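The same chain A turns up in both complexes below, where it pairs with chain B and then with chain C.
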Partner chain A sequence: MPLWTLRGLRRGVVTTRYPARPEPSARLLPTPPAFQPDVLTRDLADRLVAVCPSDALARDGDALVFDVGACTACGRCQAEAPEAAASSGEFELAATARAHLIKRIPLGGRPA
Partner chain B sequence: MTTVQPSLAGEPGLSELLTGLGRDVARDGRVLTVQVPTAGLEPAVRRIAAHRGARLADVFASDPGEDRTPVTLRLVWGLDGDRGYLITESPVDGERYPSLSEIAPAAFAEECEIYEQFGIRPASGRPLNRVALPPWAGPEWPRLGRAPAEPPEDVHAPHHVGGHAFEFPFGPVRQVAVESLYYGLVTSGEELVDLYLFTWHKHRGVEWRLRGCTPAEALFFVERTEGLGAVGNAWAFAAAVEAALGLEPPPQAMAARAIALELERLYNHAAATAALCQSTGLVIGQAAAEIALERLLRVNAAVFGHRFLFGVVGIGGSRRAPDLAALRRDLPGAYGELRRAADALLTTNSFLDRLEATGVLTEEAARRLALVGPVARATGLAIDTRADHPVPPYGEFPPDVAVQQAGDVLARFRVMLTEAAESVRLIGEIGETGPGAGLAVPADDAAAPPGGTGLGWAESSRGESLAWVALDGAGRITRARLRPAAVRNWRGFDDACRSQNVFTDIPIIEASFWLTVAGTSR
Partner chain C sequence: MTSQDTTGLTAAEASAELRRTVARLFGRSLHIRTLDTGSCAACEQEIRLLAAPHYDLNRLGFFFTPAPRHADLLMVTGPMVRAFENAARKTYEAMPDPKIVVATGACALGGVYQPDPFTHGGIGGTLPVDVWIPGCPPSPLALLQGLLVAVGRLADKVKDLDFSLNGTPR
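== the complex of A and B ==
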């Protein structure tokens, strides 16, 4: 067993104090989408709502309501409309209140 | 599907078997389907079960929809040794069918499941267990078919603990983020007398959810049914759809799938190594294995864009092509980390002592329960769908099937380590000399209807994963059967736990099986 202690000491610490440095592997993580308000129309928003498997998206009049807390970063919305949704790269999603995770995105696109 | 004469069905022994079963035989690639009337099911099962190399791989039912009859009972047999699969189809008009588990004990769990979902039960009247639905599930609960006519308490096995034994309940909520699973540990003090599992807390009705989906929609759910088996299960499902639609994915796409499947095997075996260390209290060994695991997950992300390899398999091909440069750059270091941890573990006597002679399964038990994967191979059964039922690229790049004889936790650990090394070899060979360095990704969902049925398979890290689908004329799913390897191997877990083990052996045995509740409670 002492050998294992030595092995552990030799291998060193692989964790770091948060956020000592940006974690390079984070760019490989699936992350929730960032939406382009200028491109979003009612029709497009409805298409995005329809493909979301976890009910993270809803349309409320002229706004797309995005519940980041319900998003599983599956990428379906990005595949459905790459012009309107792209991976945000944002994975630090902690918030002090549940309501802070719900975003209203105005639909700024012109109907085709 | 084309009808064939039994004499055309390949090897002489198989021809003889099919001749005895009847002439209504159809062949679709490596899958033979035989119509067997319910009255002839019992002798047919006896005949097939006695056939050399025949293994009952799955039993499931389907109905024509809207609770109509007859329910069709399907038995899937693996004719191991490169002889394909045999499916028997039997329409069941009444509420009873011949008891299968009295001939092939591996069928018992499915008899229970079919009763819950379709309301038909074996004629033997033997008490059944709960599988997917909780005790309070009434007839209004969603099912694949119609609800049983008899009240469940008249059918399900009563549970009694007698004598000096008592029951130690554990779960379904267990430590940290471990999956929901209820253990009923029956003990007289320290030694385990009996053990039973309830997995219905996690049942999600995935097969029910897949009805009416297009194959591409369904694939999304199939990948997420058992996250640690995303590639294996998705490959089996995609292959079933491809068989139904007559699609043949290009070799480049199959090579991409194989690389992803071997990466999935690697990270699962690393995770099992870490779990074994945790269960034996070797925290530095656990940390070493978890470093290897994390590096392997990052290899997955760098090569395929997802740590758990979601989104690789597509219907008719692959949706992601591997980054071979990242594979060459990152895999040797990540695997080296696992190898170093494993080499150190294999020279640590206090670790090996906990593994040796713990959770023993015999080859006879593995065969009787039709177990698969490393659990079966550790008992001496050399079954591996990559070798027994090869699909490209495994015909060109056959695996060296790792086998041990002892059937204990140590044997399972050794099988996993050997397989990890073999996966690295296969990834290298397929990536470097396989069909095209670029591994082109074909267009997804290229096929148009018509419908049909198909069976697909893949060797996941836990063993054979099977899927069967029926598509209607519009290309939508009318019935999808998912049979991950965990469905098979959980039925061997209680046998392994009862083999003269004590309480503290149970986590070690569970780690060595490395199953998921999600895989069985789908």
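== the complex of A and C ==
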């Protein structure tokens, strides 16, 4: 018998309480990144676009266009620029329109 | 929105009415048919976990069914390979009205594959999608939230997120 079954029996619950209660294990999930507009410059944005393997990032003038729907939460942008990207921690991402998943992040950083 | 239809409802009123109808019809019992249009099966692994004891989707009134004719919701994974397009359309047409289509995973949303001679690179052009669930693969929790959004029991939360860390201490 798997250990989690015994642990669940001891604590009296094996089934998650989600959505009535938050699920504690949700913080362990890989989640799409959130970006720090203050440090994003055009150069940095272009570097992030270049490392993104699933075309989730694009640069449109002075904005970074982030398609959350295309993001695979691989973490390459966070490895490339830890000061500019970090896990958002958001897993409740279901959208009723595709356009809701496309985010524009302004580039607020000064060019070096 | 000011456009009037034959019943005298505005588009916004009609959309609110449709949401109420879906919640009334499907809110407590909904049958799901999954459709793999060329996915790597990671999404299927996560969908399978929904039926496992920890997530137990039956407690929320969701059930899997093998037959599209018994299904209210079509959960589509994969980038819609062109060889499967006809079968996907037939599956959709076989479902009784009203029906909901949920695009599941980054491939289905058009993230991983570009359109090419083998795949459409997303299901949006083939089926009328109602709810989009991002993730590669979406975790069972994300899928549960997507299903609850589809039946109107949870709100579309991502619409208000801006994915910027402004004001967040680092």
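In this section, the second predicted complex is superposed on the first by the 94 of 112 C-alpha atoms of A that agree within 3 Å, B and C clash if a C-alpha of one lies under 4 Å from a C-alpha of the other, contacts with A are read in each partner's own complex, and residues count from 1 in each chain.
Throughout what follows, contacts are C-beta pairs under 8 Å (C-beta built on N, C-alpha and C of every residue); 3 or more make two chains touch, one makes a residue touch a chain.
Not measured: the values here are computed from a predicted model.
Trainee: According to the stated criteria, A:L29 is in contact with first (chain B), second (chain C), both, or neither; which is it?
Mentor: After superposing on A, A:L29 lies in contact with both chain B and chain C.
Trainee: Taking the superposition on A as described, I'd like to know which of chain B and chain C A:G75 touches: first, second, both or neither.
Mentor: first
Trainee: With the two structures laid over each other on chain A, which partner does A:V14 touch: chain B (first), chain C (second), both, or neither?
Mentor: In the superposition, A:V14 touches chain B and chain C alike.
Trainee: Specify the partner with more touching residues on chain A, choosing between chain B and chain C.
Mentor: Comparing touch counts on chain A for chain B and chain C gives C.
Trainee: Check the residue A:D67 against both partner chains and state whether it touches chain B (first), chain C (second), both, or neither.
Mentor: In the superposed model, A:D67 contacts chain C only, not chain B.
Trainee: Contact-wise, after the overlay, does A:L93 reach chain B, chain C, both or neither (first, second, both, neither)?
Mentor: Second partner only, chain C.
Trainee: Touching chain B in one complex and chain C in the other: list those residues of chain A.
Mentor: In chain A, residues 4, 8, 14, 29, 74 are touched by chain B and also by chain C.
Trainee: Name, in rising order, each residue of chain C that touches chain A in their complex.
Mentor: 53-56, 59, 106, 109-112, 114, 124, 129-136, 138-139, 141-142, 144-146, 148-150, 153-154, 156-159, 161-166, 168, 170
Trainee: For chain B, which residues are in contact with chain A within the complex?
Mentor: Against chain A, chain B makes touches at 220, 282, 284-285, 287-288, 291, 298, 301-302, 305-307, 310-311, 344, 348, 350.
Trainee: Of all residues in chain A, which touch chain C in the complex?
Mentor: Contacts found on chain A: 4, 8, 14-16, 18-19, 23, 26, 29, 32-38, 54-56, 66-74, 83, 86, 88, 90-98, 100-101, 103, 105-106.
Trainee: State the interface residues of chain A toward chain B in the complex, per the touch definition above.
Mentor: Residue positions touching the partner: 1, 3-5, 7-8, 11, 14, 25, 28-30, 53, 74-76.
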